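Here is the structure we will look at, set down as structure tokens.
Note that the chains are named A, B, C and D in the order they appear, and that numbering of residues resets to 1 at the start of each chain.
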């Protein structure tokens, strides 16, 4: 009986542990500072996390297949400067910078995917190599200078509101819904889990493993392209040195959200909560005016602690 | 017959592929610039790679157990400033800064290991958290400023020669030999492979899996501490912002050297070749004065290419 | 068009091994074609070639009269060939229904979507057909091996293939599930579906096969109609010599009580008490999921014990990890060699010495030469087919892998030896060797516990037999009183009798 | 470190977002700001943008939602940090840029033109080489405002001296260890032709210096860098480093806080743009800069 109850509790914790950790952090922050739990600040947090959120959702796909993508931050910069290059006022219609940025992200993702699957090289190395390649391309394309003077229409993507909701948040929501549905209800979604869970078995089930992986990397690149556009629009600049180490925050969010780096397990909702935890910590520590050096220590402790609290269930 | 021969060739390539890739890179560089293949330049490359080399060897142990350590770069900085803080002229004997730095590295490694094994948290998250914690500690300890004015005896570790060989190279060699012997000829070495290859089978064979993992993380932290001392001594400063992203170079070297991030496979010799490849590329591109932007692109391409050439064997 | 499938002059080499040499195979429509041969004969390799997992070095394959060159399993499935693999291939984190229909999901409303309700319905139907009482949304990783095996069978059935290859599908099944499988095979035959059936179990083959092909050392030995070949003849084809009875009548001299447990409780069992004397073989029988594996795993420290005591040589011991158990002189040959038995990425030698490295070390250092010596000796002793002791164990055939696990555990020289399904996937010749070995160990005064789902095996080996059901011991039978029928009665609870 | 509870005691709260508190110069500015704020009895909230414009914008947003009385911005980027300025303006909170500029015009400015530092450093090199010789340049992290501007300043001077040849230009990412390795490599290819090194900051300058000393080339090669961090000043005094360029961290920090307080109190300000000039530091005048 009591063991059954304990089992039920631990099952609950396993399933919702990280959500609980998130709520605990939010409650503590609400108590600690009156500025945290205000509608304005919540909107700010959501807007802030949208870029990391879009990146994290993309890399969730890759991680579930058992891969990793370290090139995200650089791709963000590259697609940002590409978009900015075509977003000067009175030049091209908005679709051109956006389309080209997405295309660039897609191509980089496809390159990652092809080298990993056909070349049989570890994703870590391929995407690490791509990280420096994409950064180099961003610098070459922009001549090492920020690309400025962007059209108001373009900047609207990063700073505007639509129906009172900031556009980046809307885009993030859209990405959450589409990718959640893809992972849960479509074949390719299930194949992504299968490939990550047991590649040999997936192959033996007649799944074309390479195509599935390729899909994941392409999607990840594409979403990095979208995030690049949002970032460039948000800071009104294509910044060739933007996004350094952003991939680590994105991957951290995914892992905090319960997706296993070994592949085969994970969910979009988990990733979203992971993204929110990181976002809330960053925001909260700034609000509390924790000194910058201690902020890093506290942030590290909270991230480990949140995951620890989560795993306590298991 | 011919198939047997082809088999033998492919077996040879599998075994020595990355070595061949390394030699190809060296030959190409020797042709491209007369400055590359000189005894002086070889010594310089060796001295430059020794820090990344010591880090990479430490993380090789961790990676073979199936883990990862992202805190390396920050630990390097932390142990560097700790050492520097006790290395001012006419204060403490040399053993104090060195001992304290090694101890600091050891403690951080042990903390990683304990949280990972007892807390059952993914190594990626724990060491990512530790990465920001250690960086924060380094900044707190140093007040965000470089710790300067170090004793000549301390600086000798980074810049001195012993029997005409630079001390960092000697230390690197020592680490190679000791860790190579440990992995190849001792029980703990064998256990490290077993734990990474199949944790459950290792446990069922009576291996105390947690202790083995702990050993790997502690060793990794300790070696990061040593690398921190060498770095601080080399640049005559404890830099709180040193070593950013160094862990990526170290892990890249390990993976280039054929160690699988899934665990269970790898070797010190492979890691050493991986370290040398990265070092030679950095050195060669500088010698050839490839422009900064293109240097990144070329470096990424060469790293992916080298591993691709290696895997062609398989 | 006589044959559904024809494979001609197939050859295949791996580094250091010639796995197949000019092999042929012809399968008629609507028949069961059995494939037999010792461990490492090349059966699985041939099958993997048929489904496009490996490319043959030489030879040609015709399916439905047409020459085929499958580039991947996907192609083979599209053409109508599916396979149940010898090594279980589950997706542990996905649900049972998802496992069954992976790669073959019922289509949903939009392109690319899955019809989830139809999938779950169909999965439920399939499981019922297989007599399996598990929920379709249960996580695959939580299943026992036997259940996993049944789900893999369901997966093959879901594919609607014309040729189903079954590579040792019953090695983890007990008689009850096996008979369900055979019913299904007969049904499939009636529908005109062909089956290639691989097994080391002689009676099964003679029971279900229409045609039998025998292989030895990668060579084709012959193809025979099942009705025209006797068991003895078949065995001699397989091993290439005459083989005497497999169960030699044993004459165990029982000594003192070496090992006992009383009132053990765990997650999946309750109130387990028994004892084993030196020189005795204790058999544990039961249906799949009876909790036998859980009991021995818990004794060995792989799982938690919530109550009860374990005594070795009369002294209570505390075991919280396998390391403690090994220290007490207990050895366990685990049920699932892939999950808990082997480090697949390591060599034969490294696997063998893993549990007993302390014995061949000086200080922290391993005596390398000694290690190789020992490994070579064991390879000879168990007749393990491997090009060298430095071969990566993943490349050994299933049966040979099992022998390595056995050698590993015995190298520690335990006094109490627990064997969980020790002959799973082992060929008939090697089986006889293992039985002989068990008897030898008993004669040396060891206490032995054998779990087996093959009743003849339990009956032939044991001095005493425990029957388990639903996590409890239902009966204890002596060798003389035990019969297959009696064991099945207790295992399935057809009597009201409750031991304890 | 409690939340910024404003209003209760009428204390003025000033928020600041700094480029990077891992850079010694910025830390010096911050220390000056903090000391001055303490002296004046106001609250100062300091956050670290870690060289990321996006993060900087976020921090300004957080400061705005805390309704601080004034904001001090130490911009990461000229253009990319501009939205932060505009956001503060839209919220009606006065914003002062310290140390460097943004495209969007703030309410106040205390700092300098970064180009000037590149000009001064390169002018000194040209002077020491007599307008003729071979040099190498170590860039900061590519694409960052300080790197771009210091490079522009240096190029401007180089155009005046056609006799000076740039043998190589490469980034060492502001990092001393990377600079040391880069210099070691350059010594291999240009060792005997080299006359001077210009590094975008002192950290890199010190790294280059060490590599040159180890190769026994220091007396043949001039090294000049920028920032005047403590270590560099010591090196100048010891005659190792030839020159550095001083930027008045204390002056900038105090000036910015002073202006912020005035704006928060709506007091009149005579000059909303205060330019603090760079100064060349050589062995001759180094004592004036050593505290």
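What we mean here is this: a contact is a pair of C-beta atoms (placed from the backbone, for glycine too) under 8 Å apart; a residue touches a chain by one contact, two chains touch by 3 or more.
Just so it is clear, the model here is predicted, and its values are computed rather than measured.
If I rank B-D and A-D by number of C-beta contact pairs, which comes first?
A-D
Averaged over CA atoms, how far is the centre of subunit A from the centre of subunit B? Could you give it in whole Å?
29
Using mean CA coordinates as chain centres, what's the subunit A-subunit D distance in Å?
A distance of 32 Å separates the two centres.
Which whole number of Å gives the spacing of the CA centres of subunit A and subunit C?
For subunit A versus subunit C, the centre distance works out to 44 Å.
Listing for subunit A: what residues touch at least two other chains?
Within subunit A, the residues that touch at least two other chains are 139, 144, 292-295.
At which residue positions does subunit D touch at least two other chains?
Only 21, 142 qualify.
Give me the residue numbers in subunit C that touch at least two other chains, ranges are fine.
none
Tell me, which pairs of chains are in touch?
Result for touching pairs of chains: A-B, A-C, A-D, B-C, B-D.
For a test of understanding, state which residues of subunit D touch subunit B in their complex under the given definition.
Against subunit B, subunit D makes touches at 21-24, 27, 139, 142, 167-171, 175-177, 180-182, 184-186, 188-189, 203, 206-207, 210, 214, 229-231, 234.
List the residues on subunit A that touch subunit C in their complex, please.
185-188, 190-191, 193-194, 197-198, 200-208, 264-265
Can you name the residues of subunit A that touch subunit D in the complex?
Against subunit D, subunit A makes touches at 32-35, 38, 40-41, 44, 47-48, 51, 139, 142, 144-146, 148, 159, 231, 234-237, 239-242, 244, 282-283, 286-295.
Under the stated contact criterion, what part of subunit A meets subunit B in this complex?
70, 115, 119-122, 124-126, 128-133, 135-137, 139-140, 144, 245, 248, 251-252, 255-256, 260-262, 292-301, 303-304, 307-308, 311, 314
Provide the residue numbers of subunit C that touch subunit B in the complex, in ascending order.
13, 15, 57, 300, 302, 321-323, 325-327, 332, 334, 339-346, 350, 353-355, 357-358, 361, 364-366, 368, 408, 412
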